[in-house]
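Per-chain residue numbering starts at 1, and chain names A, B, C, D, E and F are given in the order in which the chains are listed.
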Amino acid sequence: QISQELAVLNATALVDKITENCFEKCIHDPQASISPQQSGCVDQCLGKYLRSWNVISKSYITRIQQSSSNPSNGI
Amino acid sequence: KEIMQFVESENSKSKVQMSIHNFTDMCFKKCNKDKPILSADLNSGEEQCLTNCLNRFLDTNIRVVQALQGVQK
Amino acid sequence: QISQELAVLNATALVDKITENCFEKCIHDPQASISPQQSGCVDQCLGKYLRSWNVISKSYITRIQQSSSNPSNGI
Amino acid sequence: KEIMQFVESENSKSKVQMSIHNFTDMCFKKCNKDKPILSADLNSGEEQCLTNCLNRFLDTNIRVVQALQGVQK
Amino acid sequence: KEIMQFVESENSKSKVQMSIHNFTDMCFKKCNKDKPILSADLNSGEEQCLTNCLNRFLDTNIRVVQALQGVQK
Amino acid sequence: QISQELAVLNATALVDKITENCFEKCIHDPQASISPQQSGCVDQCLGKYLRSWNVISKSYITRIQQSSSNPSNGI
């Protein structure tokens, strides 16, 4: 059950960060409705964010493993 | 049981309040970007900008949630 | 008593957000004292922020009510 | 009772410390905006900027609190 | 005892996850600064930027920790 | 023991703020390794941040003491 709560927390954080970043990147001048161009941008932004999250996750795990085998390398 | 209901309703009230603070902060920044403050009033353009900012943010949020649910399936 | 704590929390959040936003908007170059122009700007900014808070509150409550009567519309 | 006093005093110490962190963060950003870091020292202009930044922020905070108390009445 | 270990491991897992969220947020902003979003894919330059951003941030963090430990001595 | 936890929390907050600010100020375009120029900038930035923290601490404590002897001066 703790693991489940963790997964929910994790998903919520991801949704919040993507919404905030993609709203900022794609909707500079909010109008009465989202234009097709803006919603296309949101979709691309969302894909790019998820791929970025994957790259950062892998690089960070790699770095943690390196530093635990070579502590002088820090966290 | 009534106490639990009261606590829960206060809890969700508090979440809504904190969301309103965050949305106001974000949309105040967006709608006043690169503009000096020249009046305490909101003109109709500014009021429209705030409402649009909130609703397009919530649209974006829904789109993100739906897309992530699609990825999960 | 819980409601009271909530009200205090709410007021504190409002004061903090207004102070941060209006300091940022009105005092670009902090001097040995606040100029009359800067304090005028703070007063206007404060009024505009409160009115903005009202507009966002109303729009958000309206949106929540719409989406609870039409769930496909999301939160 | 002494333990309560100790906890309370540590609690308020911690609030002051966190405020100092937030003020330093904000004023460091404001006083070094659009300027590269060229020295580990603070020249007198930079030190003055930090002190002014903190005090004008606190002035703004007081003005906001007083205005909101006026609205409430 | 097993429960404690489980809680602790979940706890550190949660810290790593929150760090990943913060690093992604920061490096996404840095690597897309002043650029429009033109594709859902990452080209090799963008992927390199993200990895470099993370690793140079962690280098900076280590340098700061070591310098502060030096100050303390 | 509470005081000790507080000191750790305080040091952690300081490390986090310095890392974030000095990474932002010194490393605009992250490369495969930190250049000597960038690490020199980080060292200077770190020194300047610590000195800034000292200035703010002193000024804030002074202000708190003034306002407690003269309450009309606020917090």
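Here is the rule we use: a residue touches a chain if its C-beta (ideal position, glycine included) is under 8 Å from a C-beta of that chain, and two chains touch if they have at least 3 such contacts.
It should be emphasised that the depicted structure is a prediction, and the values quoted were computed from it without experimental measurement.
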Chains in contact with chain A and also with chain D, listed by label, are none
If you line up contacts by residue number, which pair in A-E, C-D or E-F shares over half of them with D-F? Let me know. A-E
Starting from the mean Cα coordinates of chain C and chain E, work out the distance between those two points in Å. 31
Whole-Å separation of chain centres (CA-atom averages), chain A against chain C: 27
Whole-Å distance, C-alpha centre of chain B to that of chain C, is 11
In chain C, the residues touching two or more other chains are 14, 22, 26, 43, 46
Overlap residues in chain D, where contacts from two or more other chains coincide: 55, 61, 65
Beginning with chain B and continuing through chain C, what order do the ring chains follow? B, C, D, F, E, A
Mind pulling up the chain E residues that touch chain A in the complex? 6-7, 10, 13-14, 16-21, 23-25, 27-29, 31-32, 36-42, 46-47, 50-51, 54-55, 58, 61-62, 65-66
Spell out the part of chain F that touches chain D in their complex, as residue ranges. 2-3, 6, 9-10, 13-14, 17, 21-22, 25-26, 41, 43-49, 51-53, 55-57, 59-60, 63-64, 73-75
How about chain B: which of its residues touch chain A in the complex? 30, 49, 52-53, 55-57, 59-61, 63-65, 67-68, 71
Contact set on chain F toward chain E in their complex: 11, 14-15, 18-19, 22-23, 26-27, 30-32, 34, 38-39, 42-43, 46, 50
